[in-house]
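Dropping the structures in below, format is structure tokens.
There are two complexes below, and they share chain A, which is joined by chain B in the first and by chain C in the second.
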Partner chain A sequence: MDRREFLRFTAMTAATAAASRVALAQAPGPTVALDPALAQRMGADVRWDKAPCRFCGTGCHVQVGVRGGRVVAIAGDQLAPVNRGLLCVKGYHVGLALYGSDRLTRPMLKRNGRHEPITWVEAVDIIARRIMARPASFAVYGSGQWTIPEGFAALKLVKAGLGTNLIDPNARLCMASAVTGFLSTYGVDEPAACFDDLDRADAVVLWGNNPAEMHPVLFSRIVDRRARGERVDLIDIGTRRTRTTAFAQHFLQFKPNTDLAIANCIAQQLLASGRHDPRFVERFCNFRQDTAQPSLNGAPLTFAQYRQRVARYTPEYTERISGVPARDLRMLADLFADRSKRIVSLWCMGMNQHTRGTAINRMVHGVHLLSGHWGRPGDGPQSLTGQPSACGTVREVGTTANGLPGGLVVTNAEHRHEAEELWHLPPGRISGTPGHHAVELWRRFSTAAAEGGDISTIWVQVTNPGQSLPNVNKLFKPSRALPDKFLIVSDVYPTATTRDADLILPSAMWVEKNGMTGNSERRTQQWFKMVDPPGEARPDVWQTLAVAHRLFELGHPGMRDRDGRFLFAMTRPDGTEVPAWDWAHFHDVNVDEKLFEDYRRFTSIKHKNLAPYGEYVRHRGLRWPVVQDRAGAWRETRYRFVEGEDPFVAAGRGVQFYHSVTRDDKALIWFHDYEPPPESPDAEYPFWLCTGRVLEHWHTGSMTMRVPQLRRAMPQAYLEMNREDAQRLRLQDGQRVVLETRRGAITLPVWIEGRGAPPPGSVFVPFFDERVPINELTLEAHDPISKQPDYKKCAARIRPAADPERR
Partner chain B sequence: MPVAGLVITFCEDEGLRACAVEALAADPRITLGEAQRGRKLPLVTDTETLEEQQELWRALVNVPGVLTLDLAFEDFSDVGDFSSDELPSRWNKQPRHPEDDHGSA
Partner chain C sequence: MDPLLRRRLTLVIAAAASATALAGFFSGLAERPRRARSWASYVSRPLEGRVPTYAQERERRHPNRLRHASNLAAMTAQRPGVLDPVPPTDDAQRAAALARRALRRAYDGAPPTVPHPVAQGDFPACLTCHRDGVDVAGRVAPAMPHGELGSCLQCHVVSEAPMPGEPIAGGPPSDNSFSGLQPPLRGERAWLVAPPTIPHATVMRGRCESCHGVLSQGIRSTHPWRESCTQCHAPSAALDQRPMAAVTP
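So, the complex of A and B:
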């Protein structure tokens, strides 16, 4: 057998195993080290190991084949419970994302308008001296793509070291409203449900969600059931038709922002006909409404008051607001009224990137609670995340302006005290004043110091705010013309952010370093470094440690614990110290394991227990809380708050919301009125503009636009438009137009009813293309509680570009 | 010469399915595996270039009777052209604002 035949044989074996596993709906066993069959098939010259995919929040596992220090093959991991051997088009190209020809390989400092190479010693010293000079105006802007140890190190540097809370992540832009939705409903963040529900649900309700493109492996898991002869109904509630719509039995097209009215309408019908679940509601729920100044916990409401508040949201009234026919609203309520059915609600950016994001999150939980569709396998609400560790790093580690590890918050004196004890800090080291949320952080960075712009230095890690922030003309670009504003960017490729950076740090990526992430179903995952990063690129976690130690050398008092030891001191088993901040010794110890075990001590405080690092080496992820059984084995949890599943639920309780806001083990059902959005189309700007993602590219495209296959498949951004509008404006397919909002204008080609189909009066533009910076146009208006901006709706106008030849 | 292992899901129509299998079998770049219960067919594509691979996959999903195409294995160890010569380059950025722009940049 020659090498070619051998490869074909290997490919067929992998495909057959995947087909068999999906066809028969086999879930693999949870505890295995490696896929031995794959290891044998490829021969001795290829070394295989597991890693979660670099891209979205699904958390698929891949097998990475390495030969000669280079990733040479990717296979879907047959033994991974999430993806069962399959990958999406981005996932199986993930290995190629390492090998774009323009990787950043040396630290570079901007001098006289040019980026010039400098040494790591110089780069680290520059950062440390800027912090020493003005510690209270230094901030870190991080990411849901940070690994857990990376995020933990950055958080510890800022909160335990500098004594500020000036850190916030890009996840503020993508799932902050899901967080506040969970917190204000259950008293604690993150889904109670898990992906197993997708195998059991009779109906899946998609709230502004397009998993066929954004979470394709999960979507395949649903539609594959149909291929096996099972019935699963899809109800797509959206503002435009997408690839997902093609698979849905029902498409409920609503006017932007009116999803709140739809949720109220379901509740109204359930209550008016007595088809809610009174037993579940009485035992497990309380009611709430917003206060005049919206807050996380709101004000109490009685059941009778709640019934009265939703009473006017009849199907006919809601049809007038939302545009959804009353008969479809009745169908939706009938579905939730049927407790013989198991219903999963899925959502992601459509609900979260919303100026009423917290409200609609609460209300979808409320619909499930009110109808009793909660807590059974296949029956409950499940939010999805877009980044690989938005949950693991941002939400669990707590890398936000008000967070501490394990769900603790800086505004709680007891939590600060617990953190100071665990970190062995002097009392009072951790500030009780929250830092600035992402939009405010960047606004202050782009405002002159004399006018209140008190943030002078931002260190960006693993994200691209120059392309992804809303209204970048206001939040990002002005800083680049202001004196004494210094932008540090750690990244792997040149981006719209590195272009304008003062200091660029080349980072290691994915399997060029050890890592841990946490996916959308509370699954914590681990991988080992498999190949070397290019040139002088180094892991972000080393960069943080190096800066912390330079601060220690310069005498910053915050870099010492109460005994004077370095904040990130690490020791070998024999007790000798390892200078991990020194690159020459960084790999003398598993820094990830040391940081993870430091972090893990926090996780039991709010029942988010994690297992020791070694358990994650053995598994394709474990869903927290992970606790030891009587035999000493570490057991994951599929369903939180449910007796028999969640180890913290008391016997006989059935369901117990043990972090309840009202401290009576009950969840909250919220009422919110529909309100118009902050900006709507008018005579001057007559179109709705919605932005989002596409199947082939991941977020700002900085990685996937460097994979030729993905780039060829989707080479550039476009304006997706309804045919009726195109005809009215006399626009041809492919014609370049100027798209303009009150914040800016860009030129791009029209795609008439291309991949998706917006209704008349509405257009869509993806944000992956650096050359088409759609976020120069978007609105920075944000949810008052979560502070998450709304990228999904603003007013726009369109006209033909003056020179159609300029393409 | 990229080699990939894929899984096709067919639609319910048996006639369409049979025609699709026949069409796939006629392509020398495709090796069909053994169909699994639930209308799942594993197959291998072996093409000269990545571009040809992409074209073939696009054609596959357009074959009547083919519902979805999933990927299970990809080898690119002997593919020389994945350092793209058409990288997204901010240096080649198109003029975004035509002459009639209102100067928002």
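So, the complex of A and C:
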């Protein structure tokens, strides 16, 4: 290249860079033998690295392209077994979530009603002193978006340090019923099946599930098989038509809450015609029913009793309850009766956000067990999760009011003892009294101390309860007016929660820090920090460590182990201690690796074995249990409890539920009667109100509403309504209406049969839009076992909003 | 017959046949300019002095929004053939085409947003136009550059909000300082007329005709009849986003 050409190239590059605001201060690509100017224009100097997507529980891997210290591109990771190079629109735009214009960059304290910047030292000191003053009224409210090390650090601080169990996650609102469903069926949490099933199933039964919008990559994994000439039937059992319905062969529209009756009806038909799988049931199943006071393990039932209890649920009887034609119910039972077909059941919030959530979870497992559709590839129940680490962090690390790492629980003295040994704590440090579940925790925070509201400080990390809690007018807002209720919020953007917080801590997000998560199919994933967080934003795990060490300095006895060593002491390979709580030294050691290795020791106790950190660096996730084979290689497990797949199943057993509640290696098939929901439409409030998500936005929209492409496609919440209802109420498309329940009222525009189509008498509102706080209207009634609230059904009424111009 | 007469007759017939063939050959070679039909020819003509139709009213209110109530077969028939001459493009046209392309993408490689309304809750009929590509009144519905994937709206969202009514004011700020990877100008050439290398990743963009085919503008191939693109245009290993391929079992 001559001088003139070089100048021309340089000028062109500079102009391009200026136009596209690409920073020029970047490291050149590692081994690129291209002309540098051309290389830059072609993007060959972009460094790519893997990370799981920040959003849902599918756990797609993305390739993140970084140049000049900023994320500039995203690509689907072709080597990722979950998504095989494909993403959804949120995933392709996940990199933009870092660059909203109003990132939180400084710690801020509310003084005289205003948020004023303070230093990190002050912020950490304020938290530590509040804890020191009243440790028993301090709680942590976390998230299924916590990375595994973040959740582990918070749990250790609360349970091993403060000696309370005052920690619970937003996942209580999300998949608690799935957990209790697994625990009470198999004796241990999390799916036995995996996503490989989606490639093999002949039929997929969707129980109140809309994966076309909520788990798009998994949905594509199913429907793209059709493009390859395979046949896969979709049966959508739902309360409203969605994008998924458009792909389904059958749509069974049921009345809210009557899924209980539908599950019973399948069982009734299988038993009445002797088409269940007697060999599977005899070898591998026991029967159960609820006790008078619903409990996790219930009371035994014989097969004869079970048969008698379900006998009532004939197709005709069930049609009267559910509104699903008997013909369709027969079709469903015929499907389960056909052992030559492989059937996957998928569910997510429809079954979990349900006042009988535990029951319906148990019953769907039961239908599969009863019919023998269990344990073959492509044949079994598969619960989906909505958050990237609801499984990895909340369920496996155990960041709940009663959990301990690795599936242990605080109510079990042996488990407490085991944890105290592993953490080298003085005996008795870990409390055997469970803390409060999310709804109860916030109720106590929003109740005056004199009236029993004994929670005075909550530290919220990685979630937005001011928008996502049910009935926020009761559970969240009152606390903001009460004296001595101190709300600490770690977040990346201003939200409905930070707006009313007393102390705001700016956090690093996603690839601004190291991280590990666990997806819906037991897949543990890892990524490295790729860019710096903005301003003074710092990782949540550092924040926890810093507060723990400040407590240590202030002399809190719980911050020391038996030998007086700091709980989170970390050492270099040469044995010298690293002060990782000091920001200047945080990156001297891989804090994630240290915490993960601490956590990993718990995981073999209940056969949830994890591999060393380094294995996850090399893989796009591994599904636990991960055990070493004879050659020393770490092997993941596709199917739990199945011989030849699960290393813990004894030879010759076929299927072995080795954590069985009944201790005989059998799973439980539960019976539950249909029960009406706690609130149903009546003359005063004649509509069913359902809430949920849309494709473009993730949860409360704090990240996705700041991504222009997503915001433009779905700029605001709406009231989705049936055309008949709109005509009857004389409402026009786009008209503002007041939607009201017994708990609150909001104004929003009508969208007649827009994204989905609810049946007459039923409406739907997404919850992503902070300007349309739909959770001021929802019910905090919750499942008696899982304590998960029901966001999917309550009674509402609608009237046209007064026209402001005419007033 | 007189052998001489027979020979002459044969010669005359042969000459006439040759002349017809030659004339036919050359007239066939002569290029007739293809007249592009405007969208208006696909829909009914407006009736002067009458109440406008709903279609006209819609057009008046949304002049930039294309109509889809058109005859697909007619539009498909308008597609240029691969042997049709390719109009030359200059750098300005190329830059304009790339800028137009970038408008619908957050970064080079992002799934483009959809510039027209789509069925929100129904199974969309995307493949009708986007399977092979079609020219709709001067705007190109490109053929999809990747293999057949069923759930199109999973990645491609509309660029304009579909819901009716007035927008709700306020909410989080929507400005974003993300600055995405820009599209490459052109590939590397070893010498002046060497075939350029492919300057972009080819993942999900393996069907070259989608962007470089006969319907494309600005970045159209000069030789669309050639099918095996990578025979001459080498993809770049530097753009392969699989840095850890070697260590993953």
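Just so it is clear, the second predicted complex is superposed on the first by the 759 of 807 C-alpha atoms of A that agree within 3 Å, B and C clash if a C-alpha of one lies under 4 Å from a C-alpha of the other, contacts with A are read in each partner's own complex, and residues count from 1 in each chain.
Keep this in mind: a contact is a pair of C-beta atoms (placed from the backbone, for glycine too) under 8 Å apart; a residue touches a chain by one contact, two chains touch by 3 or more.
Computed from a predicted structure; not experimentally measured.
K.L.:
Examine A:R241 and indicate which partner it touches, taking first as chain B and second as chain C; both and neither are also allowed.
P.N.:
The answer is second: A:R241 touches chain C but not chain B.
K.L.:
Please work out whether A:D49 is in contact with chain B alone, chain C alone, both, or neither, and reply first, second, both or neither.
P.N.:
second
K.L.:
After the superposition on A, what does A:H93 contact: first (chain B), second (chain C), both or neither?
P.N.:
Both partners, chain B and chain C.
K.L.:
Taking the superposition on A as described, I'd like to know which of chain B and chain C A:V72 touches: first, second, both or neither.
P.N.:
both
K.L.:
Can A:A802 be said to touch chain B (first), chain C (second), both, or neither?
P.N.:
First partner only.
K.L.:
Given the touch rule stated above, what does A:L695 touch, chain B (first), chain C (second), both, or neither?
P.N.:
Once the two structures are laid over each other on A, A:L695 reaches chain C alone.
K.L.:
For A:Q735, decide between first (touching chain B), second (touching chain C), both and neither.
P.N.:
second
K.L.:
Using the superposition on chain A described above, determine whether A:R499 touches chain B (first), chain C (second), both, or neither.
P.N.:
A:R499 contacts chain B only, not chain C.
K.L.:
More chain A residues touched by chain B or by chain C?
P.N.:
C
K.L.:
Contacts for A:A745 in the overlay, against chain B (first) and chain C (second): which applies, first, second, both or neither?
P.N.:
Only chain B; A:A745 stays clear of chain C.
K.L.:
Would you please give the residues of chain A that touch chain B in one complex and also touch chain C in the other complex?
P.N.:
Overlap of chain B and chain C footprints on chain A: residues 12, 16, 20, 22, 46, 65, 67, 72-76, 85-89, 92-93, 95-96, 99-102, 220, 223-224, 227, 494, 701, 705-709, 711-713, 769-772.
K.L.:
Which part of chain C faces chain A closely enough to touch in the complex?
P.N.:
Touch residues, chain C against chain A: 106-111, 113, 120-123, 147-151, 153-182, 184-185, 187-188, 199-201, 203-204, 236, 238-239, 241-245, 247-249.
K.L.:
Which positions of chain B touch chain A when the two form their complex?
P.N.:
1, 3-7, 9-10, 31, 33-34, 36-44, 46, 50-51, 53-54, 67-68, 70-77, 81-84, 86-88, 90, 93-102, 104-105
K.L.:
In the complex, go through chain A and note every residue touching chain B.
P.N.:
Those in contact with chain B are residues 4, 7-8, 10-20, 22-24, 46, 65, 67, 72-76, 85-89, 91-93, 95-96, 99-102, 220, 223-224, 227-229, 473, 494, 496, 499, 701, 705-709, 711-713, 738, 740, 743-747, 769-773, 776, 801-803, 806-807.
K.L.:
Within their complex, state which residues of chain A touch chain C.
P.N.:
For chain A paired with chain C, touching residues are 12, 16, 20-22, 29, 31-32, 34-35, 38-39, 41-44, 46, 48-50, 63, 65, 67, 70-79, 85-89, 92-93, 95-96, 98-102, 212, 216-217, 219-220, 223-224, 226-227, 241-243, 246-247, 493-494, 618-620, 695-696, 701-702, 705-718, 733-736, 748-751, 753-757, 769-772.
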